[in-house]
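Two complexes come next, and they have one chain in common, subunit A, joined by subunit B in the first and subunit C in the second.
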Partner chain A sequence: MKEFINIVSDPVYSFTGAIILYFLALKNMTFVGSKKFFMILATVVVLFFGWAASDKIFFTIISWPDNIPITILLVLVFWLTWYSFYKGVENDKRIESGEPPIEGTPENREKVWAWPNLVYTELFTIILGTVFLIAWSVLFKAPLEEPANPTWAPNPAKAPWYFLGLQEMLVYFDPWIAGVLLPGLIIVGLIAIPYIDINPKGNGYYTFKERKFAISTFMFGWLVLWVFLIITGTFLRGPNWTFYGPFEFWDPHKVVAANNINISEIFWIKILGMGLPHNVLIREIVGILMVLGYLAVGPFLITKYWGKKLLEKMGPARYYIMVYLILIMMGLPIKMYLRWFINLKYIVFMPEFELNI
Partner chain B sequence: MAKQSFAKKVANTQIWKSIFRHGPPSNARNRAAVVAGNVFLHLHPIKLKKSGVQLGYTWCMGGLTFFIFLALTVTGILLMFYYRPTAEYAYNDIIALREHVPLGIMRELHRWGAHAMVITVWLHMFRVFMTGSYKPPREFNWGVGVILLVLTLLLSFTGYLLPWDQLAIWAITVGSNMAKATPFLGHGGPGASLAQIGDMVLVSDKNDVRFQLLGGRFVGEAALLRFYILHCVFIPVVVALLIAVHFWRVRKDGGISAPL
Partner chain C sequence: MTSINRTSLNRREFFSYLSVAWITFAAAAGGMLSLIFRYLYPNVVFEPPMDFVAGRPEDYDEGVDERWKNVYGVWIYKHEGRLVAMSNICTHLGCVPTWLPAENKFKCPCHGSGYYPNGINFEGPAPRPLERFKVSLNPSGQIIVDKTKVYRYEKGQWGLPGAFISV
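Our next item is the complex of A and B:
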């Protein structure tokens, strides 16, 4: 059983699983947003952790003090994601039967005094938060390792947990994409959301049906990419950033075959049976055309087969910014699968300009 | 009877009346006065829609984030009394804090609080997204919120270096190596090798963005001082300013969102 879990935790399987679960959840939102689903999920999770925590290796990784916030985050994220869907499904039912969403009932629209209704709630959360923080601080000492030593790097050297999604991207992309371009576009993309999403519905209440596209896209980036990569980077990456299953000993000598190749090598050597041309641009022409094709022909095809109505509704500026943001976001899973299926290292490999994609 | 009259007596003293300019908030007039007349409480509207005070709707994640920010400010100031940001003292000061302060949990509160703030600020954004609260008229405030989220991460990141242990310098080394790869501005980034005049290299490890961030070519004493000042002064001031904008706009954009 543990062997099996070790194997399926490999991103090849677990990421594919996450994508499948994501689509299943979107298709069966009414079930996902039910209390029954929550009870089943909670039982499974509690049983799994109860069983897994008896394993020494699993317990060591989970209970490392700096990993505890991620465990808390995961519990909260899954609970609150379910909760927002639960409220969304309830509201969708109400809207379908002609009622206003629960937040819009005359009773909830009524104005109440900030004192005591709001002030007391805040006081209550502050007290609860204080108790929680003090309990956490008494139970777990803040970690402190050996004094800083610039000549000896620990293995693995990990960034703080909230950046481990970015560090995990380094497996698939060079730092200029994983550490600069993508984080920058995440920030820009997030700020752009209100200007791109011109759907007037779903403003000020939970819903799923009225904002299917916006919520699905956001969920993909937030859960399937960001949260998933943080989990992988935190719990499943050991020495040399090698993959280790949750029950696997972090053996620093674990050898992983790394024979990744570039598009240029596949094209010139494997397919044409020639040597690599000397000129950089000719050598990398296939990869460059692939990237340009993705960025130029991609939007064209998307618009032709799928986005015409959206383009009309949103106007070209909004529409194309959205298409590009989504295309670049989807570039990450595409590169991940290319790595797994054809051992692809770089699509474009131009170390002459430090420009590798 | 005697007790009540004592309370009344206190409430009638000049001192009490100078501090609280109205009676207990048990009637409409005083409830309005207590919120409008208090500099902290006047962040709130006097009355608001019932849906906006329900925990099931707001999760109180924004409020919790602000509370943790305040808690981190207080614990951070206390820690500053004991901590000197130099390679010579930093680590020993942290050890001293652990060994010499009986029952001391200030560093724990500060570290776990920092983690908690990252979590609450993410969940706050998630809630705002799920309720569509970024939609007009709140587009701008969503953007301010995204910047605040990024600054929260940077606050936590800069603070990560200060204990000056192995965990700290190598986490920051990994993080700041990303800056090296900035296109055109980092010496390992695309385009940097093009910036050359004859033999003169314009972007090198002695002047690129990572050098500006660390004050050197590696995470050393200069980086510690830079991160200390960024962490304790620069970013908190910017965050405080943006929080003011954020809260002000929540009020001006119509309060906590509700169905139109």
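Our next item is the complex of A and C:
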């Protein structure tokens, strides 16, 4: 059993599994958003943790001071996601039968004063939060390490937990892409959401059915790409950033053979059987065409088969900004699969210009 | 006719107060900024010298040598009659790879790039091989490693004189 879990938690399987599970959950939202589902899920999770925590390695990883916040994060993320879906499903049912959503009922629309209603809540939240932090800092030692030394790095060298998703991305990309462009676009994209999404449905109340597309897209980026990568980076990456299953001993000598190659090498050497051309642009032409094709033909195909109505509703500027954000977001899983399946290093490889995609 | 018990300022007085206030504010803000600016520069700079004497070529065995890694950040690599000095900075994002003698490769702890002993990258996201530093022999036959001069493989500089010494 542990062997099996070690094998399936390899990103190739677990990432694919996460995507499939995610879409299954979306398809069966009425079930996922029910209390019954929550009870089942909670039981399974508790049983699993109870069983797994008896394993020494698993327990060490989970209770490592650095990893405790992520364990908490996991629980919170899934609980809060479920809770909002639960409320959304409740409201969907009400709306279907012609009632207003719960938040729209007359007694819930009554206005109250910020003082004392809001301020009290805030005060208690602050107090509880402080108590929690103090208790935490008393119970666990801060995971401090020795002073920084430019000629030595811990192994594995892990970023703070909230950056582990980014660090995981860096495994697949050049620092310019995964360290500057993608994080920048994530922030810009999040800021742009209220300007892109002008659909008034769902304002002030939970719903799923009325906002299926918006919710699924956002949650895909958040749950499958960001949270999943944090989990991988935290729990499943050991010495040398090699992948280790949750029950696997962190043996620093574990060797995973990976000879990564670029598209240009595949094309010129493997397919055409020639040497690499000298001119950079000619050498990388295939990769460049692929990237340009993705960015040029992608929006066209999406619009043709699937986005016509949205285009009309949103207007071209909003629509195309959204399509590009989604395309770039999907670039991450695409690159991950390319790395896993054809050992691809870079699609466009131009170290001469410090530019690799 | 001005009354002595005025409660408000006239225009001229107002402006003189205003300018005093602005000058004070600007001075305070300027002082603050200069402090912040000063803070950006470290009090003590830890920087090992950029060149050092690395002993004689005979001191090194065939293969990767780690003796200068922790002080100067340099690996000495001796192979088939050539001795080179390699930087220990990963070309991906600048972590410090570990030398794994058992696997005969360098492996970066940050995102898992791997390099052959000669510094060529073969796995993981590192875009180019490890950089090499200038090596030369001084009159008494000792190796001088000069980290200010860098030789990069992708620019075809590894064959240049200075990138290696024949031993």
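Quick note on the criterion: the second predicted complex is superposed on the first by the 348 of 357 C-alpha atoms of A that agree within 3 Å, B and C clash if a C-alpha of one lies under 4 Å from a C-alpha of the other, contacts with A are read in each partner's own complex, and residues count from 1 in each chain.
Assume a residue touches a chain if its C-beta (ideal position, glycine included) is under 8 Å from a C-beta of that chain, and two chains touch if they have at least 3 such contacts.
Everything numeric here is computed off the predicted structure, so don't read it as measured data.
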**OP:** Go through the superposed model and pick first if A:Ser54 touches only subunit B, second if only subunit C, both, or neither.
**Re:** neither
**OP:** Classify the contacts of A:Leu166 with the two partner chains as first (subunit B alone), second (subunit C alone), both, or neither.
**Re:** first
**OP:** Give one of first, second, both or neither to describe whether A:Pro175 is in contact with subunit B, with subunit C, with both, or with none.
**Re:** both
Original post:
So, A:Lys87: does it touch subunit B (first), subunit C (second), both, or neither?
Top reply: first
Original post:
So, does A:Pro154 touch the first partner subunit B, the second partner subunit C, both, or neither?
Top reply: both
**OP:** Spot which of subunit B and subunit C makes contact with more residues of subunit A, would you?
**Re:** B
Subject >> Partner chain in contact with A:Asn279 - subunit B first, subunit C second, else both or neither >> reply: neither
Original post:
Which residues form the common part of the subunit A surface touched by subunit B and by subunit C?
Top reply: 149-150, 152-154, 157, 167, 174-175, 179, 352
Subject >> subunit B - residues contacting subunit A, complex >> reply: 25, 28, 31-32, 34-35, 41, 44-57, 59-60, 63-64, 67-68, 71, 87, 91, 94-95, 98, 105, 107-113, 115-116, 118-119, 122-123, 125-127, 129-136, 138-139, 142-143, 146-147, 150, 153, 156-157, 160, 163-171, 173-175, 177-183, 186, 188-194, 218-220, 257-260
Original post:
Mind pulling up the subunit A residues that touch subunit B in the complex?
Top reply: 66, 69, 72-73, 76-77, 80-81, 84, 87-88, 100-104, 107-119, 121-122, 125-126, 129-130, 133-134, 136-138, 140-150, 152-154, 157-163, 166-167, 174-176, 178-181, 187, 190-191, 193-195, 197, 199-207, 211, 214-215, 218, 222, 352-355
Subject >> Complex contact set, residues of subunit C against subunit A >> reply: 46, 69-73, 88, 92-93, 95-96, 98, 100, 102-103, 107-112, 114, 122-125, 127-128, 154-155
Subject >> subunit A residues touching subunit C - in the complex, by the definition given at the top >> reply: 149-157, 167, 170-175, 179, 239-242, 252-253, 255, 258-260, 345-346, 349, 351-352, 356
